[in-house]
Amino acid sequence: MEREEIKVAVLRIEGTNCEDETVKAFRELGVFCEAVHLKQFYSDMIRDEEQRTFSDYNCIAFPGGFSAGDYVRAGAIFSARLKSVLRRDLEEFIKQEYPVIGICNGFQVLVELGALPGFDEDRPIADKPEMALCINDSSRFECRAALLKHENRGKCVFTRKLEKEVVMFPVAHAEGKVVFPKGMEDEYVDRLVQNDQIVFRYVDPDGNYAGYPWNPNGSIYNIAGICNVTGNVFGLMPHPERAFWYPHEDGKAVFESVVEYLEKL
Amino acid sequence: MLYRRVDVPFELYEINILDASDEELVKISEELGLALNLEEMKKIKEYFAKKGRNPYDIEIQSIAQAWSEHCCYKSSKCYLKQFLFDVDAEYVISAIKEDAGVVEFDEEHAYVVALESHNHPSAIEPYGGAATGIGGILRDVLCMGAQPVALVDPLFFGRPDTPDEVIPRGTKHPLYLLSGVVAGIRDYGNRVGIPTVGGMVFFDDAYLTNCLVNVGCIGIARKDRVIPSKAGGAGDLFVLAGGLTGRDGIHGVTFASAELDEKSEEEARGAVQLGNPIIKEPLIHACLEIVEKGLLTGMKDLGGGGLSCVVGEMSLAAGCGAEVWLEKVPLKEKGMAPWEIWISESQERMMLTVKPQHVDEVLYIFQKWDVPAVVVGRVTDDKILRIYYHGHKIYEMDIEFVVSAVEYCRPYTSKKVEAVDEVREADCEKTLLEMLSHYNVASREWIIRQYDHEVRASTVVKPLQGRPNMEGHGDAAVIRPTESWKGLALTADVNPWMTKIDPYWGTASAFDEMIRNLVAVNATPHSFADCLNFGNPEKPERMGEFVESVKALGWMARNFGLPCVSGNVSFYNETPHASVPPTPTLMGVGVVEDVRKAITVDFKRKGSGIVLVGE
Amino acid sequence: MIADVYIELKEGVTDPEGEATKKALRLLGFKKVKSVSSRKVFRIEIDARSKEEAEREIKLMCEKLLVNPVIQNYYIRWVE
Amino acid sequence: MIADVYIELKEGVTDPEGEATKKALRLLGFKKVKSVSSRKVFRIEIDARSKEEAEREIKLMCEKLLVNPVIQNYYIRWVE
């Protein structure tokens, strides 16, 4: 696919608020990108020229923010609304190996949706969530720089062009602690490691896995970001789009990686 | 009989002021919660005597809103005009007249500045009060057609270690207030996705019974898309958009224009408004989409005084009148009287004027965002405002009369400056440690990190600077509001310990600090806004503090050539226990030619020299 | 002793969480939902000699920290 | 019909809000507090012909939106 042909949708509902910078990041790489309201995919009050389907796009991004105020649980309302009307379409999209990224609130949406950890290739969206992003151990919103060690061995299509071993993306969230079902934590972590689904882990400036504040939320195994078993669905709490422009530009590689992946598709 | 129920199928009273004696006029003002004095009541009586009829409740309530200190600056205007508003710079597009100041940023863009207080509501209900303060300041910027890009929040409280025993009844502990206010700003600011990049927190006993919560916002607009706060012209339709109208916030402005006392909590509950950021966020999107498409002629936010202020001001500014169909206003609760609908200060509402041919398109955009929006009236070509409710005319007054409040040049006395003990000898190490651990100096990290200061990905110089997780405070934040490398620097300053000793020189020093903070990040000071928090202006010595402070601002502004583009006056920050020290909060805006050349506070390299500049 | 402290918003106070939840439920097809409001519960385990003493303590906690009397009501229910 | 849906964290899932509240209460001098945990309640008013029908609906709501079974349990109590 030529770069100019690539079309990216940044999905939003009320309360989504990082869509502008996410759109801007994609556009800066020369691809078509627009912010699209979830209603444009299903609501009959939307005018024809503003109606959309997933097949209009080659990549979908769930941006950060507080979708529906993060009420009930972060990301829960957005994902429930999406699941009730568009589950099949999104599953098809994922099966066709098109990339999907969820940043911060977007990661929460993908987790609530059951698209991550995404162990089942044939059913990319599980019936029920298999993990949770819980309230930070500090019990508060944390806005700070995070150092991330890139540990993916090549599966994740969003980090293939990442050259540095440790990158800095900021975090800003109140609910970002990765939790797996009680008693099955080791099993889950092993599986993620074996499948090459671990993408980023929080580290300190010496590159060691460290506790708070380096691990800002208390995530198990210092997990900051993971991808699904096929590597095309990626979710992370830190914000690569906030590290795209001067003075911190580590995040650019995430967007470049997926654009290059799409070019080869 | 002072009040007569009118025979209509809803609640409406006629107020018999024509036959009322002076005492009765005062009684009416009190009983209806108007906060108007005798002189003002007499002016109203005279107006209606000429009309040959008594006013309805909705009319007199409406006047009370328009004439409140909060809405019309009746005590401050005369001195502000005299001392402060005369500095002009050719790059100022609009100052003082509108909801926010508009200043040229580059060829294509303007930045928009607003700064306001939300003191009384926050003292009663810190969480909701502060949250709605953020909501209000965002609307002020939004209604100029600008995308808000950054927030600041200067806060003032009693000492955190105040023992419970010394806290007067009806007052809340400073820590309770502080944590509530911070949580309110956090939950609202983060949810609407505008970064909070600066502010200050100051503790002093004098704020124990009068905490101050000031909030400022800066936005960016295309110059050719700046929206005036006035109607386009006769025939335009009024579109009310956003949250539903309820009983919350009734009498908010008259409440803000009186001293707080023990009973305030009970009485003022109705005046406290609660925000819903999840209406505000889509409201911002929808309004900006409408601005972008050029579908409106005017826009204004509903703040103090609710519909009553917004309709009158938008019409009059255009030299027009208006006709309003009050039953069209979507309500939160049943059984509201027309006057309550008219003056309610429910949050998250905007008023737009739209040419009839664009109304469908505008309503569609709001519907797309699930934001309720309805046509509630029409601009007319006389300068009269008429309100109908289910077909009955319940209001007819000349707008000029309603907004022509009395102005007072209140008498003032300037007090002598108190001598301060000079410290001659001191144990430097001990003093330094004491200073560093003082709660007015200690790190604000725990607050700053709860605010998302990076959303929108344009905060180039952050409030915390240095190596990750070891950062220290910066002097000013720098944001990059457009695609170009040009940036805006933002800071908020005042040191009440200095203004307390000397309002004039204290204010001048706050100004100086603001300038230095901007220069420290390599910005050129460009404009400023002020929020003047003072005690009861009816007391000459308080008025004296105010006048001295305004004089100093004017003097500094003239000499630096820095225009004051927006601001707000908050009086009556006084209880029987104490008055706040003069607190002229300043928000300075600087322009950074290239954000890549902005400077942060941390030392960069071993071996670099350290240079002290100045005397 | 264990008590549940229920904290609810006073009537007329906006409840963005309840409203957002109701909207979401209706969008999900639960058309029969007429209203949703949110409450918060703290389950507190406390050492005390008597229920009365415990209740006094808990009331104080509510006044000092847990409840904002301007916008919230609370009530206590004993679990144990 | 009105039901309260109680949502609590599963055993073993950390409850930072409860912990922070406990810490704050102890700092305020409530030394007798032994533990605090937080719960969330949605009060739902629903039109239904029978309690059974209403209960079925509410269970569906929990599955579809209100509860994440990895970390939360829920139970329903009828108010009316």
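Every chain is named by a letter (A, B, C and D) in the order it is written, and numbering of its residues begins at 1.
Here, a contact is a pair of C-beta atoms (placed from the backbone, for glycine too) under 8 Å apart; a residue touches a chain by one contact, two chains touch by 3 or more.
On a predicted model such as this, the values are computed, not experimentally measured, just so you know.
Enquirer: Of the pairs A-C and A-B, which shows more C-beta pairs in contact?
Expert: Higher C-beta contact count between the two pairs: A-B.
Enquirer: Averaging only over C-alpha atoms, locate the centres of chain C and chain D and give their separation in whole Å.
Expert: 10
Enquirer: Which whole number of Å gives the spacing of the CA centres of chain A and chain B?
Expert: Comparing mean C-alpha positions, chain B is 38 Å from chain A.
Enquirer: Between chain B and chain D, tell me the centre distance in angstrom, where each centre is the average of that chain's C-alpha atoms.
Expert: Taking the mean C-alpha position of each chain, the two centres sit 39 Å apart.
Enquirer: What positions in chain A touch 2 or more of the other chains?
Expert: Chain A, residues with two or more chain partners: 68-69, 71-72, 77, 80, 84, 140.
Enquirer: For chain C, what residues touch not just one other chain but two or more?
Expert: Only 16, 20-21, 23-24, 28, 38, 65 qualify.
Enquirer: Chain B: which residues touch two or more other chains?
Expert: 277-278, 370
Enquirer: Between which chains does touch occur?
Expert: All touching pairs, sorted by chain label, are A-B, A-C, A-D, B-C, C-D.
Enquirer: Residues of chain B touching chain C in their complex?
Expert: 124-125, 127-128, 176, 180, 246-248, 265, 269, 272, 274-278, 333, 370
Enquirer: For the complex, which residues does chain A have touching chain B?
Expert: Chain A residues touching chain B: 14-15, 17-18, 20-21, 24-25, 37, 39, 45-47, 50, 64-66, 68-71, 140-147, 168, 170, 172, 205, 213-214, 239, 241-242, 244-247.
Enquirer: So in the complex, the part of chain B that touches chain A is made up of which residues?
Expert: The contact residues of chain B facing chain A are 186, 190-193, 277-279, 281-282, 364, 367-370, 448-458, 460, 467-469, 480, 595-596.
Enquirer: Quick check on the complex: what are the chain A residues that touch chain D?
Expert: Those residues of chain A that touch chain D are 72-73, 76-77, 80, 83-84, 112, 128-132, 134-140, 179-183, 218.
Enquirer: In the complex of these two chains, what residues of chain D are touching chain A?
Expert: Where chain D meets chain A, its residues are 10-14, 16-17, 19-20, 63-66, 68-71.
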